[in-house]
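Structure, as structure tokens:
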Amino acid sequence: MKAITQINEFKEGADIRGFFLCVEKHLRNTRGGDLYLDLVLRDRTGQITAKLWKEVSEYHDKFSAGDAVVVAGQVDVYLDKLQLNIKKINVATVQSYGRYGYDPALIVPSAKSDAKQMWKELIIYIKKINNKYLKMLVTSVYKEHKSKLLTYPASVVMHHNYRSGLLEHTLSMAQLGTSLSEHYKVDTDLLMTGILLHDIGKVREITSELEASYSDEGNLIGHIVLGRDIAIKAASQIKKFPPDLLIKIEHLILSHKGQYDWQSPKKPKFKEALLLHLIDNMDAKMNLMEKAIEEDIEEGKWTSRRNYFRIPILKDELTNEDDGSK
Amino acid sequence: MKAITQINEFKEGADIRGFFLCVEKHLRNTRGGDLYLDLVLRDRTGQITAKLWKEVSEYHDKFSAGDAVVVAGQVDVYLDKLQLNIKKINVATVQSYGRYGYDPALIVPSAKSDAKQMWKELIIYIKKINNKYLKMLVTSVYKEHKSKLLTYPASVVMHHNYRSGLLEHTLSMAQLGTSLSEHYKVDTDLLMTGILLHDIGKVREITSELEASYSDEGNLIGHIVLGRDIAIKAASQIKKFPPDLLIKIEHLILSHKGQYDWQSPKKPKFKEALLLHLIDNMDAKMNLMEKAIEEDIEEGKWTSRRNYFRIPILKDELTNEDDGSK
Amino acid sequence: MKAITQINEFKEGADIRGFFLCVEKHLRNTRGGDLYLDLVLRDRTGQITAKLWKEVSEYHDKFSAGDAVVVAGQVDVYLDKLQLNIKKINVATVQSYGRYGYDPALIVPSAKSDAKQMWKELIIYIKKINNKYLKMLVTSVYKEHKSKLLTYPASVVMHHNYRSGLLEHTLSMAQLGTSLSEHYKVDTDLLMTGILLHDIGKVREITSELEASYSDEGNLIGHIVLGRDIAIKAASQIKKFPPDLLIKIEHLILSHKGQYDWQSPKKPKFKEALLLHLIDNMDAKMNLMEKAIEEDIEEGKWTSRRNYFRIPILKDELTNEDDGSK
Amino acid sequence: MKAITQINEFKEGADIRGFFLCVEKHLRNTRGGDLYLDLVLRDRTGQITAKLWKEVSEYHDKFSAGDAVVVAGQVDVYLDKLQLNIKKINVATVQSYGRYGYDPALIVPSAKSDAKQMWKELIIYIKKINNKYLKMLVTSVYKEHKSKLLTYPASVVMHHNYRSGLLEHTLSMAQLGTSLSEHYKVDTDLLMTGILLHDIGKVREITSELEASYSDEGNLIGHIVLGRDIAIKAASQIKKFPPDLLIKIEHLILSHKGQYDWQSPKKPKFKEALLLHLIDNMDAKMNLMEKAIEEDIEEGKWTSRRNYFRIPILKDELTNEDDGSK
Amino acid sequence: MKAITQINEFKEGADIRGFFLCVEKHLRNTRGGDLYLDLVLRDRTGQITAKLWKEVSEYHDKFSAGDAVVVAGQVDVYLDKLQLNIKKINVATVQSYGRYGYDPALIVPSAKSDAKQMWKELIIYIKKINNKYLKMLVTSVYKEHKSKLLTYPASVVMHHNYRSGLLEHTLSMAQLGTSLSEHYKVDTDLLMTGILLHDIGKVREITSELEASYSDEGNLIGHIVLGRDIAIKAASQIKKFPPDLLIKIEHLILSHKGQYDWQSPKKPKFKEALLLHLIDNMDAKMNLMEKAIEEDIEEGKWTSRRNYFRIPILKDELTNEDDGSK
Amino acid sequence: MKAITQINEFKEGADIRGFFLCVEKHLRNTRGGDLYLDLVLRDRTGQITAKLWKEVSEYHDKFSAGDAVVVAGQVDVYLDKLQLNIKKINVATVQSYGRYGYDPALIVPSAKSDAKQMWKELIIYIKKINNKYLKMLVTSVYKEHKSKLLTYPASVVMHHNYRSGLLEHTLSMAQLGTSLSEHYKVDTDLLMTGILLHDIGKVREITSELEASYSDEGNLIGHIVLGRDIAIKAASQIKKFPPDLLIKIEHLILSHKGQYDWQSPKKPKFKEALLLHLIDNMDAKMNLMEKAIEEDIEEGKWTSRRNYFRIPILKDELTNEDDGSK
């Protein structure tokens, strides 16, 4: 089978085959009255408009906007821009096209580390929780939501907003949790449980593996309150789960954003809650600066101001001179 | 039995008997080394310090700060101020002292209308709900929390912060609900359910009948999220309660404060939710202005700036001249 | 005479006749040096560019940007978009073209109810005012500004910003006024006068019937202060108008926006003023949510965030299942 | 007649005579049931409590709180503090006691310069206005309000809040007006008129010569809108006053506070209005820093943070060393 | 040699010669695979796209984006817009092309007054400083940074953001300094030194004569702190410069923006510092309003809201009627 | 010699000897005209007023407010409160009274760990810096300011505001620095240098070992800018210190408060600067919550709202039940 071509490798006249996210799909009429499909396709390397002129109604039924698609077609130029003339198109899933090279990571931005590897590491942190109730609680939540935890982003438009971003963010915080809890002499089990569960509501707030958007209950309830629901439900299935421990877990989840105008219905009211918020904030901000640098397209060593921080960020070294580091 | 004397009627030398809230209670030593009780007592009319010099340890065990107490004693003057020398003191409850005239309304500020009468009126509003699920929901919640609903304030320090204030506030909103929902063509059943349940979490957020303070779960979870819990639990016991209806009720409760910095984890996202917030805001603000006027102690027609609005409020008519109203 | 065609019904090649708002008008030169008119036309259904190639200078004198125009022409396609080739164009007024079907409501967004009907209903509210001075005051103001009150919007870009929006907004508030004033035990005559006059300054702040914009005195003085002027002037012509009553009316108008950063030079300082502000706020917010839903063009049940509230608003039912409402 | 003694010169046992502001006045009962007057007196140098024990009802009718009083009495000590036993007391006015040394400047803080001298200087600025309409306008306003302009403060609690402070503030701005208007090439007559009239509404917003407080129309309308009224009324009596000029004067007054949250219903929209605001702001801030330094009672070269700026202000030179200035 | 043609004089078909700022420069491939240069050129009168088709690689080496260039070419039309076909292009400097008419003021916006004239005037202000240390300090700083002071803007995007804007802004403030310092009875030498040095850090914060942008140390340290460095370094070379005087100069520079959120690390803590801030603010705001009026392209007497003040500004007279000014 | 008695152990009639901070000192006259000293003394356990009646002028010269003093006297009661009658008083220093038990930690709050021990630990962190320039820089700064670093607080009124608080805060951050810099893959040497130097300006901003207050340059320049001065000066004495490295250190110090309104003239613009700010913020907030809990005097498990966070903080366990932790 032909090799996969990514959008940034497209050249006028080339026959290509590839996997893309169908971002927009419209059934339109030509001036002559014939139907055609007007699409926007995207992969990790770029975005292109595409047209499908033949067997339109047949292909129309095969896929929807939001789907991953496998496409064969030819690149041409229209109004000074490259455009793809589609010959064949179909939905792509890992089941059907994995062996032909399809991987969601081709078409949507993903975490740098392997999701399964990150999962394994997180499981080890769970096993280290000493408090039997907390260990049971986290274990049962992670077991139930494993498939979503493996792929979900940590947010729709903010920090870690890419495939497996939620896993990456949680793991990053867990890696910091033990040493910080010991440093500030707080309850390590409580802090780690807070870290592992603080964003669990995202699995209900966000929908879709490929293009993240908000679910109805995400819009109406929000991940903070939904995450507390998940913790409460799991605790209710653990015999004799201490109520005072549960209420602390609830507060950890409800207060982790740290301030009301970030939709936290409570501010942190004990040390573990404050520390959880501070670690979450640290990890989010560090990720946002990394993203600001990676996504910037300005020339020179400074990014533009169009990033979370609204200031230019230094991308490179100021110079390459000897600075004593060797 | 002797008549009840209120604090604002105390005169030097008088023997009095009365019911008070014991606001502070300290066991102290005289310079001579003897024990005595140093108290602060309060009723609806004022506040006074009180001392108990005899049989101290015996009386010490009989009551605590925060209790309603029945007291007999004599008024004297110390350092230019009236003070009460207590001869007898005991806890007062409606059970034990109701027949001698004790009524919590004597010692704490209360709503102007009778709680039972307001309750009856609210029940009528519940019966008018057409949607069978919503009627069952509100009925079951009100049945379960009746005793607290009869006496709780609507807040600890803000609007309607007096005995039965929650009932008064809810009833006031319910009285407006039908006409406003028809005016703005929204779902009356949904709005009325929102009105009746929006502050229900107060019954768990606040403790004590007499001096309101925050419970542990009030501090850590808050009435907004706790109120949603109460609604969810009640709905779970109603067969086939429609999930889409429940999620709307949840949103009504979660968003009723209207903005994040008032601890609302969501802003109103459909018309009934927005209208609920606006009615709640209207009723709270009107009550706060009424309180500002009633509690002000300045001479003249303007209050001081020490009120919720931070501006002088007009207390009286500008003049008494003919203004065309007769 | 030919039927009127609205912009959303235009088809390539069709000969059309219609009424439009001329939004832009430029006299330009073709590369060949000939004059032509380059226009943008709009009606309630959409917007289109238009060209006029012949008898240019003659037609040029007949109308200006901002005018309502009657147009005959042919639809063609230019650069992939529909465009109108104008054959005849003239100013349209109700006087000259009303009998041919011209109605300003065809070309600008308008209130849903009929202006004359709303006016009649408002007059009834005025007649219900008991205080003779207040009734005279409102009557005289409404009499003087009747023609503008019938057509003006309530704002240029915010709530009720469409033809007769001011009337619709005032009527909506008046419909609520009596019951709310009784509920909160305030002076009904005073509140109703406040409702009827609070935005009267708009008739001087805003210019033009069709495209609303700010007048010079709107820019330099503003409707809040201008509205007070109108009330003062009308009162000065009423014999023995009580000065204390007038100052209250002035305050009602000056404080109705409720907070300084909405350009209110005073915050409400008595109950009627506070309630007026709260009703105004309620009516504006409910209208803004309705507009957010109507104007949204997103697919699905949620609007985009591009609305007054900066959040997605729920447009439809979550599902169509049985929800107990039948 | 005996010399006047100021409060900071009082000594135990001394017989004194003096003029004071009666800040508080209460008619009370001794424990023995006799009436006495309990007063607080103040002059420029301090404050003291005073008692009057004899002929109480007779003296009670002679003066009220807020009056300037002439007092004879004896200083004694009560509860470790000086106190005045009053023998005689009466209202003091310039008419009745001026020849005995009474001057309001003795009992309330006053501007440093002489009010009449400042008035003369202001009149010269008015005469320099070239535009005949503006000169007539300012002249007529100043003529009408001369007596209040001579004594009023510029505010109740903020900048220039002392006797003749309004005059001092206006004169200070007028002294800057000509050079600044020439520098920024704006209309000098317009700017000077704005300077001279911007705070004229204070004569209606504030009441009382001695203790400033807000009038009813000050509370309900405010000096900004009232000042515009004064200007409009005066202009209406000038034949052919150009309407476009008047609307600019109105805007100058309405926008001079510069921002909405300082109760300006408009922000400055032309250069003279912006410059007026900037000069007003400069003069107020410079006065506030001067007051912060003068009123501070901390030892050392830094004031406390309890001033308008909420930061320590440098009161003295850092050191006395040679710094090149000689 | 041919006359210089400015962009707003370009006509289709004309051969032109001119000086421009090369704003963008991209080396691209035609569809046929040939190289061409795709440029954006700008001068004081406008902006145009330009193409260079021949001897591409040779010309490519001669200039960069950001350079001033001298260009010969022919105007044609592409996609309905004028475009320049370049025949010759080269870097333009005052040295090489000054005698052919090149002046940076042709291609970038500049102060209205002549830089050398403004410099001379500033020198006179420096000479008037009485304190010998301060005079030496300012003299040495101005001597060292003369070339940049002659051409630098006062900011990149805000007030006085054009060639020699820094000089213009400083001179404008200096012209006000003496009279304001005398009026407010502050130390004139100190204030004038503050005026002359407050923005001196701009010479290190900003780079490039033509298109202003931030230097590395501008981004990382900022002109406020860099300006203090310049003052300290200059003072360190003056024998016996009084340390208490220096620390005041430092504070003047550090606090001149007046508030923390404008990146002032200190608020003004003595009178000269406060007055410096107020003059700086006045001069910046007056310039911003002038720019808002000059740069506005709306028809009519009001600007759009797209300016620093976010409100419409009055550009013209309201009318041309007799307003008493003649 | 007699044992030291702390203020909270004082009893009426007791003869005591102790070390105190003299917080206030006033020379006053008795009514009889004799001089006496009126003092306020404080130690770690409380505060008391004290009087000295004999040999007043002799003792008056021996000490000042702000001094540590050694006192002998007798406790009596005045106006219902304990008071100390001083017999002997003198300044206490470690040199003169260390062997009699004087330790500054007796009279002012101090860090929990030993300052010398913390210093040793910090030196180890300095030695671990690999970059030779940075190691030299930090070493030289710490060597120069050792004595102040051992005792200074980290702030006057905020976090770590006690003896050796600066050392404690810096060490706490250094302990976190290595693992966090590795976690976020930033330059460890740069981050550690930032941690060790970020608050170094405090040694010039704050004065006095016992009662911290602001120095003149603290008030006028501030520790952020002064800290950068210290770093620049130290770097200037290191041969070939790379300028690009220095500018980064400068930025680390200037931006460590993270936002303008906390007086940071720059926001963090590269990763190490952002991480430094986040660690500083974390350590300050955790300390503030610890202080809020320790300093609270409310009964029950919740603190009052009078703390940095303005919310109640949970001080104790909710209950003592089995919570799975054993």
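Order as written gives the chain letters A, B, C, D, E and F; numbering starts at 1 within each chain.
To be clear about the criterion, contacts are C-beta pairs under 8 Å (C-beta built on N, C-alpha and C of every residue); 3 or more make two chains touch, one makes a residue touch a chain.
Owing to the predicted nature of the structure, the values given are computational and were not obtained by experimental measurement.
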Request  = Specify the angle of rotation obtained when superposing chain A on chain D by their C-alpha atoms, rounded to a multiple of 5 degrees.
outcome  = 180
Option reproducing the contacts of A-B, where over half of them reappear, out of B-C, E-F or D-E = E-F
Inquiry  = As a quick test, compute the distance in whole Å between the mean CA positions of chain B and chain D.
reply    = 44
Request  = Take the average of all CA coordinates in chain B, do the same for chain E, and state the distance between these two points in whole angstrom.
outcome  = 63
Task = Return the residues of chain F touching two or more other chains; collapse runs of consecutive numbers into ranges.
result = 216, 219-220, 247-248, 269, 312, 314, 318
Task = Please list, in label order, each pair of chains that touches.
result = A-B, A-C, A-E, A-F, B-C, B-D, B-F, C-D, C-E, D-E, D-F, E-F
Ask   = Which of the residues in chain C come into contact with chain D in the complex?
value = 216-217, 219-222, 224-225, 228, 247-248, 250-251, 254, 260-266, 269
Inquiry  = Can you tell me which positions in chain D touch chain F when the two form their complex?
reply    = 12, 77, 301-302, 312, 314, 318
Query = Within the complex, which stretch of chain B touches chain C?
reply = 130-134, 172, 175-176, 179-180, 183-184, 187, 189, 242, 244-245, 247-248, 267, 269-271, 274-275, 278-279, 281-282, 285-286, 289-290, 309, 311-314, 317-319, 321-325
Message = Quick check on the complex: what are the chain D residues that touch chain B?
response = 31, 214, 216, 219-220
